[in-house]
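Chain lettering (A, B, C, D and E) follows the sequence in which the chains are written, and residue indices restart at 1 in each chain.
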Amino acid sequence: MPLLTPSRDVQRPAAAGAAAPAIELVNVSRRFVTPEGKAMTALRDFDMVVGQGEFACVVGPTGCGKSTTLNLVTGLARPSAGEVRVMGQPVGGVDPGVGFVFQTDALFPWRSVLDNVAAGPLYRGVPRKEAYEKARDWIARVHLAKFEQHYPHQLSGGMRKRVALAQTFINEPKILLMDEPFSALDVQTRTLMQDELLALWSGTGASVVFVTHDLEEAVALADKVYVLTAGPATVKTVFNVDLPRPRVMSEIRYDQHFVEVCKVIWDALREEVQIGQQRTMDSGH
Amino acid sequence: MTDMTMPSRAVPSSEDIETAARAALARRKRLVVGLRVGILVAVLAGWEISTRLEWIDPFFFASPSGIFSQIAIWITDGTSQGPLWEQVLVTLEETVLGFLIGAVGGVACGILLGRNKLLADVFSIYIKIANSVPRVVLGSIFIIAFGLGMASKVALAVVMVFFVVFANAFQGVREADRAMIANAQILGASPVQITRTVIIPSAMSWILASLHVSFGFALVGAVVGEFLGAKKGIGLLISTAQGAFNANGVFAAMIILAVVALVVEFAITWVENHLVRWKPTPFHEQT
Amino acid sequence: GGMEKQIYLPAVLTERLGYFKDEGLDVELINSRAGVEAENELLAGAVQGVVGFYDHTIDLQSKGKYIESIVQFSQAPGEVELVSTKQAANTKSFADLKGKTLGVTGLGSSTDFLTQYLCQRAGLKAGDYTLLPVGAGNTFVAAVKQDQIAAGMTTEPTIGRMLKTGEASILVDMRTPEATEAALGGPYPAASFYVQSSWLAKHRDDATKLANAFVRTLRFIATHSAEEIAEKMPADYYQGDKALYVKGLAEGKAQFTPDGRMPKNGPETVLKVLAAFNKNIQGKPVDLAKTYTTDFVDASR
Amino acid sequence: MPLLTPSRDVQRPAAAGAAAPAIELVNVSRRFVTPEGKAMTALRDFDMVVGQGEFACVVGPTGCGKSTTLNLVTGLARPSAGEVRVMGQPVGGVDPGVGFVFQTDALFPWRSVLDNVAAGPLYRGVPRKEAYEKARDWIARVHLAKFEQHYPHQLSGGMRKRVALAQTFINEPKILLMDEPFSALDVQTRTLMQDELLALWSGTGASVVFVTHDLEEAVALADKVYVLTAGPATVKTVFNVDLPRPRVMSEIRYDQHFVEVCKVIWDALREEVQIGQQRTMDSGH
Amino acid sequence: MTDMTMPSRAVPSSEDIETAARAALARRKRLVVGLRVGILVAVLAGWEISTRLEWIDPFFFASPSGIFSQIAIWITDGTSQGPLWEQVLVTLEETVLGFLIGAVGGVACGILLGRNKLLADVFSIYIKIANSVPRVVLGSIFIIAFGLGMASKVALAVVMVFFVVFANAFQGVREADRAMIANAQILGASPVQITRTVIIPSAMSWILASLHVSFGFALVGAVVGEFLGAKKGIGLLISTAQGAFNANGVFAAMIILAVVALVVEFAITWVENHLVRWKPTPFHEQT
């Protein structure tokens, strides 16, 4: 099976430099204090390496720690132990090269769609006129041209998500983190957005970490799929997906290779899924 | 920005809907104005009758007719300190100055301390101490420090306004949604830009709420300042009337103050409506 | 004005000396910021008696409210027209205050009427001077220091304080009966104890006892030195500067009547002053006999 | 093809009574005022009938008007024209028999998971002890027993959604409206929840309107699938799905009938999808 | 409820993390207290030196040493009106009563008007008018109406508190998230239950913010009331000291007020911390 190489990713982090991986998590743990006052481990001994220009997808059961991982990479949260590096540098604060599509709504409710999308360039000192031109362009790309003047509360859930995508894409980040960005979209819009994302990614050579629940989506998009365990998240397995690029989303699902890859990952996962399921059921009832 | 709805069988055109919505708005407006006027008339009539029947003593509590004729005299003959509009202008000037300085200072300090936890921890205790100082005592200290001119009244108005605005601006900043701040940060905003484009807009309803109440306070500050020593102003008018056992004069001056407060209030509301156009109408208020 | 003011000293002194108790009275002294307020309280029935300036009895009569002075504490206002040291050189009399700003405690207060009356006697007309309400105490001091007013009328302890620092000197002294005669053309009864006439009609016993207590105090004042009197007062009243307090007391002691009687021609003088400037009174008949009574002090031992 | 009957649903509303349909939308329109001051039509001439005990799914492009439709049924919003009836009665306000899982987060942030779930019974006057017992039971069913004391901000996106589900299910509503309830869940949790939903539904005989983007999910769950058009939403087609019940979610996807049904609906839709896509693209660029 | 994080290579145990977090907290606390004390000392020293060098006149502005000895005298010998604690107690009683009444009234009216648009439209104008009435004037009216006892001071404290609390409660109610209200409605909440379980919790930070500032205001109200006429209380202490040119006394009384305000402030903060435990820590404050 040449398309797929299950491999436990244990590369040690390379020294900082031109060839440093875009994102590195080394032995990272993250604990929270629960309301009962006990420490709860969300991430444990977590290792992840995303090379420059690489597209990594992360899948795992809900509540396992995917969003927490992305938060650590942005610098919004700090690890309880271990180290997080971006472009070879330990993460200190928020890096201007990082773009992040939040899982939950984070649009500015007092700004129209246009102003929301233009926010990034304006923050980064792009002249007004240029920023708005760019914003209009991106709004059109997410098919909201008619809604430029709407405020977020006047949009549907999927439309708000598209605004968030435009808001992030417009900055052309070198590192793009996305937390279930397409889950609120219908199939055709999602396909369009996926194509848009791949085009953006191949154009700018950005490194992407993409969290999703949809294994097919993960396989369709990624170079590497990280599968996380339930409970305190560790990396269960990393799969390398070497489907040829460029990939066209509306077609790839009918590709024989693709279907095989999905099936293999599913088979490899089934066992873990059942363990996880059993565990939640035990703790549940 | 409201939603337009109308329960009806026939499919109405956009114009129909708009006309109906406008009519409903106008009806409601008439109702509100009617009720307001009704209450006013009822209160005034009750007051006048009670004084006529001597249930309450007009010597202390004045009477609407007496107040009215006092205002008429002031308007036609002027007050003992000069024409009425001059008094209003003097007080208004002190108030507006004090209000602006206090509001700007309060917002600035609120944002500064709200954004910086260390500063907040260190200084909030001193602000609380300052807030417990009786304003009347401050009044005489200000007169000593700033003299009997406008400055001391303005200072008094400032301290009346500052604390209310500060408290709200501070809390408003602390309440800003952390997801939104994080988003701005990641989009590349500097701390100053975050303050300007995220913190201030989200604290805006807090600040505006405090401005509504604090204009009244500024007015009170200016008047109390005039009370303590002044050449002109409505406060002096009140204190003179009080000295002469002229209850009608006291109440008349207070009514003039109320009119001033309402005019400014409408201005603030107008500004507010322009600033919060983005807000959704609550479901239960959609008609 | 406040209870701590020297012009109202007999009230507190009576309590300190225990004379109320001796009469079997349970008296509570309540401090009020302004005379007007105190009288409003009296009329509203919140208090039974008020220590305040006599002129209010006349003023109130014109408004249909009847109050009567039953013990007259002072025969002089206890007020002094101070003139700023910077102006003192070319200010020898009220006439020299033409074109100047004069301080009073408040418009419509006794200081207002007295100042205007003195100006009138000196031949000044209404437009020749400006009155500025500056209050009493340190706002008055500050007003003089900041040259807001060239001269102003005030009482102890402000007088003592300003004389001591040399910031002002006396232009007209109305702390003694003689000087007051000279300045106003007659005695000017000021601090007095008054009650509502309707109350008086029903409570003649209480009024008698009150009058007895106050008269005793006035006798005490007349027969003791300023130091001895000061000794009896609460420490807070002279906390700032005791020597100054005693000095002021020594100079102003003469304003108090020895027996609580209304000085002869006193009410007429007050009416004359008020009638000249108080719009409330002008053109209204005033029955001076209803503003005071000496029945009670006459009856006291 | 006996399993599938494409049919334009044009039944006229029956008179109110015992046999009245659970939900009826008759010729409903809903307009909004856009920020430019123009009227925008979100729903136009919308007809829908959901019988008592029926399970209806609604699919359609993002921003077409699905959430708006549900809002009309709850009584939170009122139609600009036409009539909405619930159990034969015109909708006046919020009906206590209706349960609604919102598309966006609407948990009470100041209440722990337990208190959030117990809110419904407590509002309805159930004694405290009983309400909390019931709440614990439902929390266990959504596998959050360990998180009873957590506040919503301490949960992941998927966990919050599960709390919302428990919060609605605990009331055992006669009419259950759900707006993309499972889109934030991973496949295995989703399957569990779908089974839970079907069990609840068959147990109580509730009428369900279920909005989703996932056609397969719609077919797997529903008796009827409403396909909406883009732009102002009207009902494009109603498909009756007569797959045998009870259905088991983890197996139905491999059922031959199921695959055929999905394919038929897809084929029938493809044309419309392309029209819609073309239209948004025209207006977009 | 805060997040615990610590950048370190070795994997620390839970106890290590907790110890480190506690140590960091203690360090911060020391820093804050140190800075507070530092500022206090600097201000007092500057003040004392300025008065000693006669840059400012202690006759008007007192001096720390004088204030201190005045407080000492009051504590040991009592004041002219009786022991110091009695004055404090009297003022505190008036203040707390006024504060409670005003706060409860403000919250109640705020919620009522915030939930009912018609009431709000009709009555808000009258509330604005009332808020422009100078409190000193109100003070004398209250004395006439309620007498010279505690009632008039309490009433004055009430009107100082009411408007601030009302304005915030009102706006807080209007800001409640409409999705959350809708959810409660659908879960079966009656209007009263919605108010109790959704509106009040979401308006809570608004109300608390106003309580912080308005306790100081209640104190001011009570003191002003005592100023206008009283037998006991800190306000009388101030007014006597003012009349006797005793600047040290004025400032000493104000410091006593500040101490009272701070004690109550800590109580409010304690309550607040218990009420808002559910709040997330802002990202930028997570250590």
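Just so we're on the same page, a contact is a pair of C-beta atoms (placed from the backbone, for glycine too) under 8 Å apart; a residue touches a chain by one contact, two chains touch by 3 or more.
By chain, UniProt protein names: A, D = NitT/TauT family transport system ATP-binding protein; B, E = NitT/TauT family transport system permease protein.
Since this is a predicted model, take the numbers as computed values, not measurements.
Farthest chain from chain A, comparing Cα centres?
Result for max centroid distance from chain A is chain C.
Specify the chain pair with the maximum number of C-beta contact pairs.
Chain pair with the maximum contact count: B-E.
Using the average of all C-alpha atoms in each chain as its centre, how far is it in Å between chain C and chain D?
85
With chain centres taken as the means of their Cα atoms, state the distance from chain A to chain E in Å.
Computed value for the inter-centroid distance: 47 Å.
Compute the distance, rounded to whole Å, between the mean C-alpha positions of chain A and chain D.
Chain centres of chain A and chain D, defined by C-alpha means, are spaced 28 Å apart.
Among the residues of chain B, which ones contact at least 2 other chains?
Those would be 1, 60, 140, 144, 182, 242, 280, 283.
For chain A, which residues are shared contacts with two or more other chains?
Where chain A meets two or more other chains at a single residue, that happens at 32, 35, 76, 104-105, 112, 151, 154.
Counting only residues that touch at least 2 other chains, which ones in chain C make the list?
Where chain C meets two or more other chains at a single residue, that happens at 40, 44, 137-138, 141-142.
What does chain D use to touch chain A in their complex?
Contact set of chain D toward chain A: 32, 34-36, 59-64, 66-67, 103-105, 112, 140-146, 149-151, 154-159, 162, 179-180, 183-190, 192, 213-215, 273, 276-277, 280-281, 283-285.
Please name which positions on chain D make contact with chain E in the complex.
74, 76, 94, 96, 98-100, 102, 104-112, 119-120, 123-124, 151, 153-154, 167-168, 171
Show which residues of chain B lie in contact with chain A when the two form their complex.
1, 177, 179-180, 182-190, 193, 197-198, 201-202, 204, 276, 278-280
If we count contacts the way the header does, which residues on chain E are in touch with chain C in the complex?
Against chain C, the touching part of chain E is residues 59-60, 70, 73, 77, 79-81, 140, 143-144, 147-148, 227-231, 236-237, 239-249.
What residues of chain B sit close enough to touch chain E in their complex?
It comes out as residues 31-32, 35-36, 39, 60-61, 117-118, 121-122, 125-126, 128-129, 131-137, 140-141, 144, 163-164, 166-168, 170-171, 174-176, 178, 181-182, 205-206, 208-210, 212-213, 216-217, 219-220, 223-224, 227, 235, 238, 242, 250, 254, 257-258, 260-262, 265, 280, 282-285.
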